[in-house]
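Structures given as structure tokens follow.
One chain, subunit A, appears in both complexes that follow, with subunit B as partner in the first and subunit C in the second.
Up next is the complex of A and B:
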């Protein structure tokens, strides 16, 4: 087989599979958003932009959008700040550093379900270890899933715990690439550690940080499992975001067209955000 | 570097805080899964014990856990195998051949990697239900591939790009065909990249809850994450068994990490991982 034929067969087979698996479903989802159907086997009825009009007119949609943005911004901010902080510590030389680095990655490996179950067990009303800790500190008991604020806090806390290691590890790896001579020179000039961080480390790592924040932002905006498992969107919709609204609309109310419309809208918002982000922080051309 | 005593102490305190913060929930999960029932639900002690394995034996003998574990294994291994084959093919062709729209292909992969899960889950579920294959492990494998294939192509594209062309060319000068050079030279050399893709495809599939929740309805086809989550909704909360089941599903991941940590770190640093 000639070289070109090998390549082309690789490419064609591979792309056909990918197109069938990804492009086709997405196209189908967008098509579904223009139809009304109330069961997964029934015949769809064309409603044009009807689903979009219905979704955009509902207060649930705007509430879900607001919650999703709060959740995404809060989790990204905390992940980046904590992640950079931990990376700075783990970049120092100390005894047992490799063990601590290993431990710091563990949360990332844990299935979301497991962490959610462990968290629910830790805040169990009568016997949870966090409940006991709160009591030991003399604070009033926290009703994690009954108050809107505490519910939002709990989904943010669990998410930050699970995904900060991504930031830590990526930032730590990138810090190894900054030449040590830069720091030596800055030290000779009499700068302190804080100045060196803001004037050397951060600017040198800006490209890496750009990518990290973009990826984390996209995934936090799309995140479904943590919130669904912890609060199910409750209490009274206070942690419901677009992914959960799309899920309940399609799979609990069986309004599949509207569910597809919500998924398509969140996809459009996301695409717009990615576009704006790249406009301000272009990826380095390779 | 010479450090003053207070700054050394501060460093060790910070390292200790990071360790406890990262490991405590996991420690607590394992401790709870082995604590005898009379104290598990009565006192909160940070020290392990009294020791029991009864939750593990209950879980394996009285629940659907073993069959869910088997489902998870079937799905994860199929996903890893299919992802490896096709992502290698696409990534290799894209890096080694002048193809119009090459950037478009790679860009589209990165973009596909950002799709909202429900944008994929709703149509895939609808299609599989229509053709009578709803609620099957096959539908779940297909759903997981929509996450892992873009990941594989994107990561391997970066990997092949940095691999010198000269090696293959030398082999082809010596009479190897392109396919022969690929199989004998490129694949063995790209083993580290392939391992990384395998690890993260496995991690995505093994830990997935969202797609499994949507695709699978019957108890017989549930994977472990969905099975575990439904234990918490059941009438009596069996915390011991829930913690034992959580430990069992997390353990293989920790084991793999201990053996292959360099690949995990490589993948995470390359931003190749979703989560």
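Up next is the complex of A and C:
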């Protein structure tokens, strides 16, 4: 009886915390999207779906959605491909493997703001190591944050650099669970290393990969800090995605209702995407 | 189909030697069983034949090809693993076909081979399933089928039945024997189970600590164990082994004095005397002694008595009797032709007597006898 009481009390505490920290703000934010207000102290005015109509009619919204999709797809694709590649390399037996494995996760462990600053130093016009490298190669200088294309490439590059280790580590861990005899059977069956990857490793790790891609997709679609710190969404909105647009609309232009509407739409798009994803890649297949 | 020839095959793991210079010829169509306790190097040797384990020194030839440095896929072998190692995400049909597809065989030929192997193993209704939907015995059959469709030069099986229950093990053992005879392909079969080895093998290779202890037909190793290890390992219940001395043509230990078989001249040297529990006879005869029964184990058709002869513990296997009990005394005798004598120091067998009543010519395998019979017809 007492263990049940303990269990219940933990459950209630957990539920209360969840309600206070997640459910309440989300409900509040969604509620805000139906009102017009320019500060949190003034009297909100009920506008129904007015904010949504306004947002959906603006070109900034569609531009941000497009940028967000480009950013998310590019970073997920590169993270997964590079992450698996690195996992395959790190799974080989070589001298100092454990040290390399440890080092490879370093970018993931450091605070994002540190990594962003490191990148900014590396591409600094006068002292950057990458700038020096580009110069040494005899190439024209690259203006990392000044042209729309370069800015987008920069945020993608830094994001991939930061979060590929997550994919590598997850994939590497999962690879340890594949029985070695499967690879041996495949060797006897006449496969080469590439065929073994596609016929054994990939199918065996499909469930893990499904979850990795989903997690990365959700994170990348909502990723705020890297872009905010690197470009602030610029130049001229070329790296602005929905999270940044929602933030600037609410807190720079003080149109809190419209900002909340953008956040809500973003949330709905993501939910729909996750739903479709699970429809095509169910976790309990087989 | 081919002969497999191992010459001085060694395996080092770092500084420790797991397999010490194995020399062995597996004849075309022969079923050779590697038998020995866990960790004796059976799997390692098998895996060196397969190419899954690098050969530290020595060479392996299959047919006329030296395969020592070849990849497993280039050795034309097929292997059955202890845990079956079926591809879990592929159907049974795909599992069977995979090795053929990787070798770019034409689709009709693949289908034909897969279907006939499935037919032979009773797998036809299961071809559309995944391994996870099969029982242990069925998975075992698929693993065999996957080897069979390849039509390799050699089958290599590593403890293929050890994950099955006892009943199924006997059934699959018979099935493997039948299949091997039918396709006539050489087979190397690894097991730690002497019953499997005795029933399946044309020849048994008995290993211990990375050394080959004896190679011979099942009855040959039973009748003439080459050393103490083989004597103790083959046969159940274990052979009685008594340490003593040779004196005046007799084996002596405590109050025991037994006549040595002909041909054993080892005066004064320490000897080990061996006789199987089932070869000790009840009643008067050569070397008769008084046997005092200690423990009685009823096995059904037979009765195993553990007791004392001249101060030595001895096991005696007799036809079923309900009248013996602890304390019973009876006369037993040790027929000289059933006695094994080993040098205590080296463990080597001494003397050239056959160790069996049947006048079987030594060093002749079952298969050799079968083929010679066929040839004379």
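Methods note: the second predicted complex is superposed on the first by the 282 of 286 C-alpha atoms of A that agree within 3 Å, B and C clash if a C-alpha of one lies under 4 Å from a C-alpha of the other, contacts with A are read in each partner's own complex, and residues count from 1 in each chain.
We adopt the following convention: contacts are C-beta pairs under 8 Å (C-beta built on N, C-alpha and C of every residue); 3 or more make two chains touch, one makes a residue touch a chain.
Keep in mind that this is a model prediction, so the values were computed, not measured.
Enquirer: Are subunit B and subunit C a fit on subunit A, or do they clash, once the structures share the same frame?
Expert: By the criteria stated at the top, subunit C and subunit B fit after superposition, with no clash.
Enquirer: Could you tell me if A:72 is touching subunit B, subunit C, both of them or neither one (first, second, both, neither)?
Expert: In the superposition, A:72 contacts neither subunit B nor subunit C.
Enquirer: Looking at A:200, would you say it contacts subunit B, subunit C, both, or neither? Reply first, second, both or neither.
Expert: So A:200 only meets subunit C here.
Enquirer: Counting residues of subunit A in contact, which comes out ahead: subunit B or subunit C?
Expert: B
Enquirer: With the two structures laid over each other on chain A, which partner does A:179 touch: subunit B (first), subunit C (second), both, or neither?
Expert: In the superposition, A:179 touches subunit C alone.
Enquirer: Can A:155 be said to touch subunit B (first), subunit C (second), both, or neither?
Expert: neither
Enquirer: I'd like to know which partner A:264 touches here: subunit B for first, subunit C for second, both or neither.
Expert: Touch partner of A:264: subunit B, not subunit C.
Enquirer: Go through the superposed model and pick first if A:230 touches only subunit B, second if only subunit C, both, or neither.
Expert: neither
Enquirer: In the combined three-chain superposition, what is the angle centred on subunit A between subunit B and subunit C, taking C-alpha centres, to the nearest 10 degrees?
Expert: Reported to the nearest 10, the angle reads 80 degrees.
Enquirer: Can A:80 be said to touch subunit B (first), subunit C (second), both, or neither?
Expert: Touch partners of A:80: none, neither subunit B nor subunit C.
Enquirer: Quick one: classify A:189 as touching subunit B (first), subunit C (second), both or neither.
Expert: second
Enquirer: Could you grab the smallest C-alpha gap between subunit B and subunit C in the overlay, to the nearest Å?
Expert: 6
Enquirer: In their shared complex, at which residues does subunit A touch subunit B?
Expert: Contact set of subunit A toward subunit B: 1-4, 6-8, 10-11, 13-15, 17-18, 21-22, 24-26, 28-29, 32, 40-41, 86, 89-90, 92-94, 96-97, 99-100, 102-122, 124, 126-129, 131-132, 161-163, 165-166, 169-170, 172-174, 211-212, 215, 218-219, 221-222, 224-225, 228-229, 242-243, 246-247, 250-251, 256, 259-260, 262-264, 266-267, 270, 274.
Enquirer: Can you list the subunit C residues touching subunit A in their complex?
Expert: 50-52, 71-73, 77-79, 81-83, 85-89, 98-99, 102-103, 130, 132, 146, 150
Enquirer: What residues on subunit B touch subunit A, complex-wise?
Expert: For this pair, the touching residues of subunit B are 1, 8, 11-12, 14-15, 18-19, 21-23, 25-26, 28-29, 32, 40-44, 46, 86-87, 89-90, 92-94, 96-97, 99, 105, 109, 111-112, 114-120, 122-127, 129-130, 134, 142, 145-146, 149-150, 153, 172, 177-179, 182, 203, 206-207, 209-210, 213-214, 225-226, 228-229, 232, 239, 242-243, 246, 249-250, 253-254, 257-258, 261, 264-265, 268-269, 271, 273-275.
Enquirer: Give the list of subunit A residues in touch with subunit C in this complex.
Expert: 179, 181-182, 184-192, 195, 199-200, 203-204, 206, 286
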